[in-house]
Amino acid sequence: SVANSASAPATAGGSLRVVLAQEPPTLEACESNLTSTGVVVRSNVTEPLIERNPTTGALEPLLATEWKATSDTEWTFKLREGVKFQDGTPFNAEAAAFTIDRAVNSKLGCNVEGYVFGDADLKVKAVDATTLTVTSPKPDPILPLRLSFLEIVPTTTSTTAKVREPVGTGPYKIEKWDAGQKITLSSWDGYWGKKPAYAKAEYQWRSESSVRAAMVTSGETDVALGLSPDDNVGDLAVDYPNNETVALRLEATKAPLTDIRVRQAVNYAIDKGGIVNSLYQGKHKVAAQLVPEGIVGHNSTLEAWPFDLDKAKSLVAAAKADGVDTSAQISLVVRNAQFPKVTELAQVLQEQLSQAGLNVKLKMLETSQQLTYQVRPFAEDEGAVALLIQHGNQAGDAAFTVDQYMLSTGAQSYFGTPEFDAKIKAADAASGEARKKSFEEVFAYQNDKLVQFAHISHQTGILGKSKSVNYTPNSSSGDELRVSEMTPAS
Amino acid sequence: MSEPLLQVDGLCKTFHVAKSARGNTRLKALDGINLTVGRGETLGLVGESGCGKSTLARTLMMLETPDEGTVTFEGTNPFGLRGKELLSWRRRVQMVFQDPFASLNARMNAGDIVSEPWATHRNLYPSSREREARVRELLHMVGLRPSDARKSPQEFSGGQRQRLGIARALALNPDVIILDEPVSALDLSVQAQILNLLNDLQQELGVSYIFISHDLTVVRHVADRVAVMYLGRIIETGATEEVFDHPRHPYTAALMSASPKLDVTGVKRDRIVLQGELPSPLDPPSGCRFRTRCWKAQDICAEVAPEPRVTAAPDGGLRLAECHFPLETVKGLTGATATAG
Amino acid sequence: MLIYLRKRIVSSALPLVVVIVGVFALARMTGNPAALYLPLNATQQMRDEFTARNGLDQPLLVQMADYFGGVLRLDFGQSLRTGQDAAAMALRAFPATLQLAATTMVLAVLLALVVGCWAALKPNGVADRISSFVSMAAASIPDFWLAIVGIWVFAITLGWLPTSGVSGAGAWVLPIATLLLRPFGVLVQIVRGSMVSALSEPYIKLARSRGAGELRVVTHHALRNAAAPALTVAGDLTVGLVNGAVVVETIFGWPGIGKLMIDSILQRDFAVLQAAVLLTAVAIFALNILIDMGYALLDARVRPVTARA
Amino acid sequence: MKTAAQSVLPGQSRAHEVVLSVRALAVDIRTHRGTVRAVNDVNFEARAGETLALLGESGCGKSMTAKALAGIMDPVCDLAGGEVVLNGTDLAALTPKERLKFAGPELGIVFQDALTALNPVYTVGTQLGEAFRIHRGLGAKEAKVQAIELMERVGIPEPESRVNSYPHQFSGGMRQRILIAMAVALNPRLLIADEPTTALDVTVQAQIMQLLRKLREEGQMAVVLITHDLAVVAEEADSVAVMYAGNVVECGPVSEVFSDPRHPYTKGLLESVPVHVGRGARLLSIAGSPPELHDIPAGCVYQSRCPLVQDICRSERPQLLPVTDRPVNDRPVDDRPVDLQDDADDYAGALLSRPGRAAACHFSEEINNV
Amino acid sequence: MTSSLTEPAAQDQLPGTENRPSGKGNGSQDGNPNLFRLLLKDRFATVSAVLLVLIGLTAVIGPALMGDLATKQNLLFANKAPFSLAHGWEYVLGSDSLGRSMLARLVVASRTTFSVAVPAVAVALAVGSLWGVWAGYHRGWRENVSMRIADVIMSFPSLLLAVVVLYVFSPSAGNIVLILALTRIPIYLRTARAESAELQSRTFVDAARTFGARPNAIIGRHVIPVVLPTLLTLATLEFCYVMLAESSLSFLGIGIQPPDVSWGLMVSQGRQYLQTAWWLSIFPGVAIVVTTIAANVLAAWLRIATDPAQRWRLALPRKRLIARIPVKEAKP
């Protein structure tokens, strides 16, 4: 009963309780790039071939022990031996090939397919039980990184329908899913690696962050995700950089945003320091680009735009003097409840941009509607749009950001220039240090020449953690909460 | 009586109601009513509660549509009228309702109530000055003061409200007024005032009345002729004195006998106390409707419905009674008591 | 009674059809769910595939016909979001709401009866003033606010109750208390009003003239007569709870139908939405019939068929 | 009165013994215009086996008096003074709780409107049996048996089946019988009947009156009959108290009061009855209407409508005083109701204390000169 | 022609000026007492009326007095505690999470709140009652169809309707009004229908029919004036409901949209600060509760005061209260 679970120490029975912001719609492995699914499944129930170290950004072996590019377009993977799936079937190259085929080449409509691989079809081949080759149509220097998003499932998995409760090779298997109430994972004895400290993991979900906070405070849960700085959980709060960046994306094809001075004015008008310090209690970092530190391509030399209202005003005035219709309405489009205090942030932005002499109208929308502004095809009827985006680069490579947001044909990009597109393409194809450099240049170029974005802040996630749990969250904790990394505090 | 002003032939009215014990859902409230009313005449209509008096009045006022039968008013059937003609018929026939409290809208003042009919009949008194004058006149006619026009109905006593109802009926200068129990809700002293007023109006304006009441003393005082109703049928008609003094239908006799008399001698009368209840109009008895309570009932009464028997009264008028065994001698009442228990 | 029931059920059928059509139409007005279910960089081709896969490319009338056919076979289709059977999802969520609503209403009615009677005994007395104040305040506090304050006070500060969830009896307390307040407030006033008028009826005087004491007068004679208006209002309030407990369900993580509905709207999960709405509509019609039968139980005058004894 | 009460077997009073004696009864009503006196200084007595009629126009305070006697006044009404001595106990001095013991066994009341006076949601059997459950502690089954017996007593056919019917399934006359049955269930000494037949037809009225008479004789009850129907009073009552604007203006034996009224109001009432007047002839009537309760004049309550009004009437309220020198027991034996002749002995005894006629008029002797 | 009718007999029956008729039943001798005087006698009702007038005035003229105080942000001055004059009068009720004056925001929000609640109630009242009166008067199929429509609206999840309309057509104040009005129409529809169905069988309506008056004229003259007080009372209660509904919509993110502000929105947004800045949600919550209680008290009083059959209740004894509070009942 509740009274028990509230008072009993978290270690009793070796059970770890986690409260999420929403119930996973499914636990299907090929959908695990969805935050709510991945946070339960990834590296708990299922595992990928390769995983990315969230702190260093380096790729580390998991189910694949080594990999190398065997040609321009082909990669060869050596697989771990002696691994079994939770249903008893062995893990081998066939299973890996099956998983890639199922996720990328099938009609299932897996979310991960579009997210990681776009429309490229891969050729996979199980050379022998432990050797796998993957061929991409075009040279892909980050194919191993892409594959780190694929959670390996056994060949017994259905290819015609998605499965809600997948079988994997992970340390935990799904014990019970009380729809609407909770999901219980229990540790699996046949796991190839180290046995995790907790015998069970229980997931619940509450959509109000204050309730999640209350649950940590009252000891009803051990870990609460997605808290807001005002939830006041005291020293139970653990901050971690969550790789999310908040920015305004400016639609530079409609007046008054057509003029770069106006876009610059927007950047000058926003008091990023004030926002970070006042709204987020100094926990976020003022941003100068769309990716935070730790992502390949982050340009640490870039400086955030200073807050200079006078300069903003004069830029607007100058644009007006040149015939730009600066009184045209700019819709400030914001998604409801997208992240903590988004409503407040929206009001601050609206106020500050208005101060600079722009005509800004705030539009708070629900997800589905907001998407019509965020992704192509864009809503047509509106005038200029300034869209508040929260971009999280889960992969650790700037390509995932830049292709989407800056390529003139990017799914989430309003515009670009051929020159800029060429720069990006080049960066995409590069590898190693050159890749890093190229992307750094891309970010600098956008700030100088395009100014499609007004960056605001790099966010810091807050996780509520009971004193009885030892765990240090990292930048991927919001997407992939590894229970095996947690231990009871003695 | 020359040609009657209003003539009713074979009027029937059925209501559909919830099921009765015998599964009947059709309630025959009026079952073949025949009536005539002459000019300047008062017809009294008496009968027990629920026998259909109000239904008859409402049907005559076209508030209900009859299933069968005809109403003839000066040779025309009002149910066939439309538009202007209907309006002019409405003007000529008016009604005073049973309940002086319910028939006046509590949220209007007396003046508005009396002049309400002219909102529909605009051409009667086109100018507002005329209307005001006429309201004063009407109020005066029924014995209220012009200043009462501003009062609301709650500020009037029952008798005064009944007068307002009469003034409203008079507003259209009708030829026939149907009075549904105009005095039964009133105290004795007020009742006398109303009866006087009605009498005066008839003398002055020559209107005809259909006067519905269950108070026999009152009916006897006002009516020229009476009709006695029982379960949706008129079972006896005739000139007032005739019917009262020489009832031919046993029910009439019982009715007369049951009504208490203000007799200060203190001698208790013997009287017919009818046993049993009024049968439900949903399941009326077969044959003669009164047979279940009649002390003269015989087998034939249960089988055959009696035909109306017309006899000539001593004063020359017509008497009509629906009974297989009409009473011959009125003085024989005492004998009747014994049988009635 | 059976005839009556049959008649009622038949006469509810048409409104139900209207509800079904209405939900269908409204749902389609909210736009294509493709963007929600596809990756942000999905191509047009992927979108088209998605639309075709879910039958959303058909003309509206065809979709509607399909849908109606499904409804007749009690097949509401599959959830876009979870891939589960939509009807099963709705049926799974419904009992949670129903239990919550039923418990709440039972408590609200009982409490309101006690307080309302207490207030009605001395109209305009101190008890009356206090109870009407409390009940009005109760009826006018925003529920989500109350819920959060409740969690703060009883779960965090005092630690008496769990913050949320469905496990154990304690978890019921806060949701019910939150939901209870408005029905309670409204009902107290209704009960008080009808008790005051019932207590001034002649039959109450008659009961007193028979030597019935105050308690007997209230509990035996007035209460049953005063119950009918309370029943009507309680019915309306229950309807409100059945399809409007979203706020409480959201805050307390109660896996009910309200939350399911709002989630499926947000997620454009039409099949689930349609199943859930139809289910609640049926429940509401059933509730109305129950209430009518309640009247008949309370008062012989409204029994549909009564033989004249 | 005490002595009289003591000499009687419990449960039944001796004929003609004073059962109820009302002294200086006054009732106040609080309205938002202030407190008004609805019943003022009302005195009367009711005797076992006899009927006392309270007569008066609508709103004159008849029902209020009855409710005050039965202790079931509206919350806005207060007993402002006086005694209600029932069988030796002053009911007015009791607390409401103590009074409950008397309601039923000692005092029964029949209401005017039989439709609203019965609780629509319970069967008549339940309601009839309640008195037995409260006062005799019977169970539901036994109470039902008693209820059936009662229904039989008041002449309801097929009581066994109808005991489970609801009030709306009965006709008005039947409902009135049920109300009467309820009132006489525990054989009270005093029965108050507030306009028991006003809503009923003449034929039913006759039945009800017959029933009341029968019950009165069986149980030697004292009956207080409230009505505004002169004819009913003339036929049913032994004595009468005429009320006007909360005051008793005249009282005495019916035959005397009606044949020789000593108050102009009584006289006016009697004259406005349309009997012995030719058809269509002008009826006499009392002009004006009764005063409103909140501005009852200082002097005689009838002054504004009285043809005899003088200065003294405007300044001084007339007391209810004996008006005749004739001793009451002189009245001819023929006048007495038939049933009284049976116990002539008791009758003679009771007559000794019988008050005579009284009227509250300064000019009660001159009435007939009007 | 009237001469003989008003002869002495009738003439002398005119009641004298001093003795007005008593009328039957109770209460009728009260005539039409002055409502205002009656109000002053009920202290709770008086206080409520005064409060409502004050709140109403605030909503009407307050926003003008506040200027742009309600929108002026000061991020360095966020969440300052109330009841301190240290920062000037405008911060006496504290500041919100963006450093705006709570006082000014409450005042401006009152206007928005009322400009949503009042039209919503008014529209629902007008449509619902006219429709209901019409359906009830004519009975038959019109009544049946109307009641079925009401059933449909009632059993249709109003939230779904709200969400769809507000998502599809943007959550503007106008749409919120529309949606709240639409979903509340059945309430008035049912009441008006029931009352009107009862009224149409009343004798005074029959009387009007006997003059040949048309149905619409009868509805206007006899039905609506009688039904109106009940409906207005209902509307007062609904007013509170609508305020709450609006705040629930805010909770779901589809209520009034910032930068506009309503009480409901303030409560909703302030809820996350309950532990750090309680005043953000408590003050608007209190505003809603106070307005509601005041409106309810006044409505309850009005219902009794305008009903001649119930007015006597206002004269009920207040012995206990009087014993405690030394107030003399005024005796005219």
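Here the chain labels run A, B, C, D and E in written order, and each chain numbers its own residues starting at 1.
Assume a contact is a pair of C-beta atoms (placed from the backbone, for glycine too) under 8 Å apart; a residue touches a chain by one contact, two chains touch by 3 or more.
Here the structure is a predicted model, which means the values were calculated and not measured.
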Graph separation of chain A and chain C (steps between touching chains): 1
Between the pairs C-D and A-E, the one where more C-beta pairs touch: C-D
Chain located farthest away, centre of chain B as origin (C-alpha): A
Chain A and chain E: spacing of chain centres that average the CA atoms, whole Å: 50
Whole-Å gap between the CA centroids of chain C and chain E: 24
Distance between chain centroids, defined by C-alpha means - chain B, chain D (Å): 32
Interchain centroid distance [CA atoms averaged], chain A/chain D, Å: 91
Contacts with two or more other chains, residues of chain D listed in rising order: 58, 75, 282, 285, 289
Chain C: positions in contact with at least two other chains: 30-31, 123, 148, 152, 266, 306, 308
Sites on chain A at which at least two other chains make contact: 210, 366, 368-369
Interface residues, chain A side, partner chain E - complex: 209-210, 228, 230-232, 271, 274-275, 277-279, 336-337, 341, 343-344, 346-348, 350-351, 362-364, 366, 368-369
Touch list for chain A against partner chain C, complex: 1-3, 5-6, 25-26, 28, 107, 109, 111, 113-115, 118-119, 161-162, 164, 179-181, 204-208, 210-211, 214-215, 217-218, 220, 366-369, 371-372, 374-375, 403-404, 410-412
Interfacial residue positions of chain B with respect to chain E in the complex: 58, 61-63, 86-87, 90-91, 93-95, 97-99, 101-108, 116-117, 119-121, 137, 140-141, 143-145, 152, 154-158, 160, 165, 168, 172, 193, 196-197, 200-201, 203-205
Residues on chain E engaged by chain C in the complex (per definition of touch): 44, 148, 151-152, 154-161, 163-164, 167-168, 240, 243-244, 247-248, 251-252, 264, 267-268, 271, 274-275, 281, 285, 288-289, 292-293, 296-297, 300, 313, 316, 318, 320-321
Complex contact set, residues of chain E against chain A: 71, 73, 75-76, 78, 97-99, 167, 170-171, 253-254, 257-259, 269, 271-276
